[in-house]
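What follows are several structures.
Okay, so subunit A shows up in both of these, paired with subunit B first and subunit C after.
The block that comes next holds the complex of A and B.
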């Protein structure tokens, strides 16, 4: 799972215990007093790299910053002697609303058409952190199932998409949501050159970049018909669920989970009133597992003499040790309760929930 | 403004710029001894000049090699860099984090070029008794301060090899618990008479470490009083069963009221806002900012929002103007 070594927060057991008790209050008191579903303020911009098909940059107030560039390359599909698609079906596919054509594409698209690389300063590219982050981002993109189909040109040709994720600052907090949201923005701004040749011919493209076709098209109301997935980090303390945890908060997390979601495309048709659909979920090993436990005063030789004169009986001693055990920090053990997991999923997916809020927020900063 | 990354709307941007410009005007008239790299420092060559840190000679002129403030001590001219690591002076109160426990000493990270050293012999033992440190004490060092503990101490002196010695010979120094540590640039904290502040209206302690480590935590009564009380009541206590008093104490030790926790966050957010704007952190300004946020009915969670940054900048302009008028 996620390598915690480098992300280890240095907090003393006393601070951890204080933070943990603050976060487990009702309502939780976070170090910067955000609400449990509130996100840290961020600034974002898109189309910053001129030679890429799409790019984005997001930075948080604390100085963590990420850049994502999306580069598309034409690639020949390895043929396996498939039947040629007749022109009629192709036209339908071009319009993008024909179900049969859509199904056809799904079978042809391959996961290898997407390549993601994550670079984190201070880490080699074969270190486990960049690989784990890259896998999480790719997994969400692929499992949403719509991205690969958009790369299909015809039987013999397809686009290959290279997504380069670059974290510019040292990873102050677990950078997954930052990287994922930046990737999301970059993909939204990605355009591919317009095809001017016949669909079944070898592809020929329009030189005019202004005429390029956006990868994620907008409908008449200026809303995206589909969106790439976004991944959020959610942590729990007791029964509290906290979104977008900061580094310090992660240090006392009882469990951490990465949730990837996309907007539901069949929202109108289905009876369920969820705005989002979960495409991937991963448990993340929280750095809190490796924090040092606190020593209760009663068994601490430095404070023993001051705070507690030696107990007379062994019974007393036992009662003492069990009583003080809860008062000091102990690294959390075990996983997440099912009810909590269900609650998180609900909070993310429901209409007006966190997922919708995040995507709306990102739409707001697109400039 | 390196650290400041805000999503401001147009009016907020204009207001912030206006405020910062005004601040610049106010300060430029006072002291304009700020230099950037390769800037010539005006000196009187006839007096003979001693070139100190951050300066070099180029074509017969003294030129700055750092960005910072020109300081002159008699013939010596040097540049004190802003945005650099902490430069300790004897007697500074610092807050640091223990990184390592070595024989007879703790190594403490204080944002200096190397780790500071706190000798076991340079601190009061928890029982408050002055005596020789024994091998047992040495074995128990980890129970006094463990790794990652936040401690406050005083700079005792610099060794010849450049290493920094600390001391903690008073009960006011020691481990800091139940609160938040915020790190800011060291130049924002000026040396003053008082670095330990008890903000009574909030029930919290504020320790402004000269090294830019700022501790905001729940108020703890000075240990010395507790110590004497302990000794007085010791005979009584011994008769009673210990269990009850012990657990009560433990509860008290761990229980921090909701309000205090919120206050800690409010003060911490005030420190964050001020440091992001690059304003000096004195206890008055911090309290003022916290009170402003309370009186303006700004939720603590909104204190890190763009609007409050602009408001704080504007308040600072007002404050400096009033100081100027008064002076």
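The block that comes next holds the complex of A and C.
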């Protein structure tokens, strides 16, 4: 859907250095003057494709755009080996094993009931980027643990859910949050046909699409009782934490992590006042590692004669280059401080934090 | 199977010479130079045009005209049953070629030497007539990108089932196995640029069916012209006095 664009930024070392220093200020000055936790505006619409079970389209104002279609198919549950696991679970229940509840869920639903494919323009299906993005999205969906259970019909039948993610624009900035939020919206709009047969019979469904049961139901107040996970990209520069980095900002990121979260369902019962629960965290290799390093005047053969006396011995050169290293742009190496990581997680999960804000924003989207 | 009822109604309630509802919208992909969504009933196609711009692969550069490239792809969720299809399978390669040739026939490539125009077509929903919908979407997107063309190419299909010529086949009628004639015309110049039929049909009936498809193309052309006019008005309004 788009010509293969380069993931690499075309900024010079001097521009990178400028960007990096303005992002390391307290508070950081971002190129588009956003606050550090502020998100870029986006346009979203759901239920755009009537032949899918659920669909959504999100467009950021920088022109990146994605469409997600969710399709459900009826599938027979493989019974091979399941009976044995069931028996084990039964034993566990009898023994009063505290993990029994968990195991019973495992026997009910399987991770293979969910399949995600990501299409990125300019990449083949088996290239690493689409597969990595697909894995990140699937991982978060599966580890939230509630989605698989919703696909269970009875002992012999289940829904198989296919989530197809299409990136329409060239992958300008790291497209993970875009794809994840679009998937989130599509899943919220997903409905499955209503079951009209007896629970234990071979399933028979209502032809009336208007009667279909939404995958994520709303309660009496019109709020979702549970929600699919959302994934955010967070980058750090120095001690600054920046949410939703743009392409240029990513080019100077010291480290980038992807945080997936869901709203806590046990919020009222628990003593901790967190609004969100982390379901997946992953370090992402920042594109800044591929940026060209700057060359200080003192060691640049082109400007050497003008700014410095004739070259001295190689030992002096070494000393010189390490002394001026801080003055020019150098691609960042190394990871993230643990305290910083903890701070990010706190900013996402705390009540009134970034996570809650994002989900509230997305809930405001009307179909 | 009965595709036309004794009352003369088709499976989806249309008359034999009735088209599905068509809708065009310009500017669907923000990043592209030109883009459009085109719907024919339940068939929904999105097209994006990039260019004219510098040729990416120098060895493909043509010194006296523009290089036109086209990529057609079908979303996994576009069909009734979800289908996993690899990129560049035979069918999509063939349709890419058909679209490219049709569009190339009307783009004034000689005005843009040593440049490249990329047309991307993505089928979001397939319900018969994807080929026609793709060509119509590509025309809209090319016009949106401001690429000089001789005329607007529009396309429509027609078939022949239950000894009745039918205009604008949907998926059920398309997969009935009867003859399916896809026609692409330059509406104002009244010239045929695309003609495909994958079955046999007596000559006199073929004439009828083709005539019907051509009428369909003209109807599409009118719709596309309205969309373009509306878009131009909007642009002029946005530009101000």
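General remarks:
One rule holds in what follows: the second predicted complex is superposed on the first by the 317 of 367 C-alpha atoms of A that agree within 3 Å, B and C clash if a C-alpha of one lies under 4 Å from a C-alpha of the other, contacts with A are read in each partner's own complex, and residues count from 1 in each chain.
Heads up, the rule we're going with is that a contact is a pair of C-beta atoms (placed from the backbone, for glycine too) under 8 Å apart; a residue touches a chain by one contact, two chains touch by 3 or more.
Since this is a predicted model, take the numbers as computed values, not measurements.
On the superposed subunit A, the two partners subunit B and subunit C do not both fit; they clash.
Once the two complexes are laid over each other on the shared chain, residue contacts for A:127 go to neither subunit B nor subunit C.
Number of subunit A residues touched is higher for B, counting subunit B against subunit C. Of the two partner chains placed by superposition, only subunit C is touched by A:117; subunit B is not. Contact with neither subunit B nor subunit C is seen for A:206 once the two complexes are overlaid on the shared chain.
Once the two complexes are laid over each other on the shared chain, residue contacts for A:75 go to neither subunit B nor subunit C. Of the two partner chains placed around the shared chain by superposition, subunit C is the only one that A:169 touches, whereas subunit B remains out of contact. When the shared chain is aligned, subunit B and subunit C each come close enough to touch A:59.
Contacts of A:35 after superposition: subunit B is touched, whereas subunit C is not reached. In the superposition on chain A, contact of A:47 is made with neither subunit B nor subunit C.
On subunit A, the patch touched by subunit B and the patch touched by subunit C overlap at residues 59, 61, 63. Residue ranges on subunit A touching subunit C, taken from their complex, read 1-3, 48-52, 55, 59, 61, 63-65, 67, 69-71, 73, 117, 119, 121, 124-125, 162, 164, 166, 168-170, 172.
Residues 10-15, 17-18, 21-22, 25, 29-35, 38, 41-43, 59-61, 63, 292, 295-298, 300-303, 305-309, 311-312, 316, 319-320, 323-324, 327-328, 365 of subunit A touch subunit B in their complex.
Residue ranges of subunit B in contact with subunit A, taken from their complex: 3, 5-7, 97-99, 126-127, 140, 143-144, 146-150, 175-181, 227, 230, 234, 237-238, 241-243, 246-247, 249-251, 253-254, 256, 258, 261-262, 265-266, 268-269, 272, 276, 299-301, 303-306.
Residue ranges on subunit C touching subunit A, taken from their complex, read 29-32, 42, 44, 46, 48, 50, 56, 71, 73, 75-78, 80-82, 84, 86-87, 118, 120, 122, 124-125, 127.
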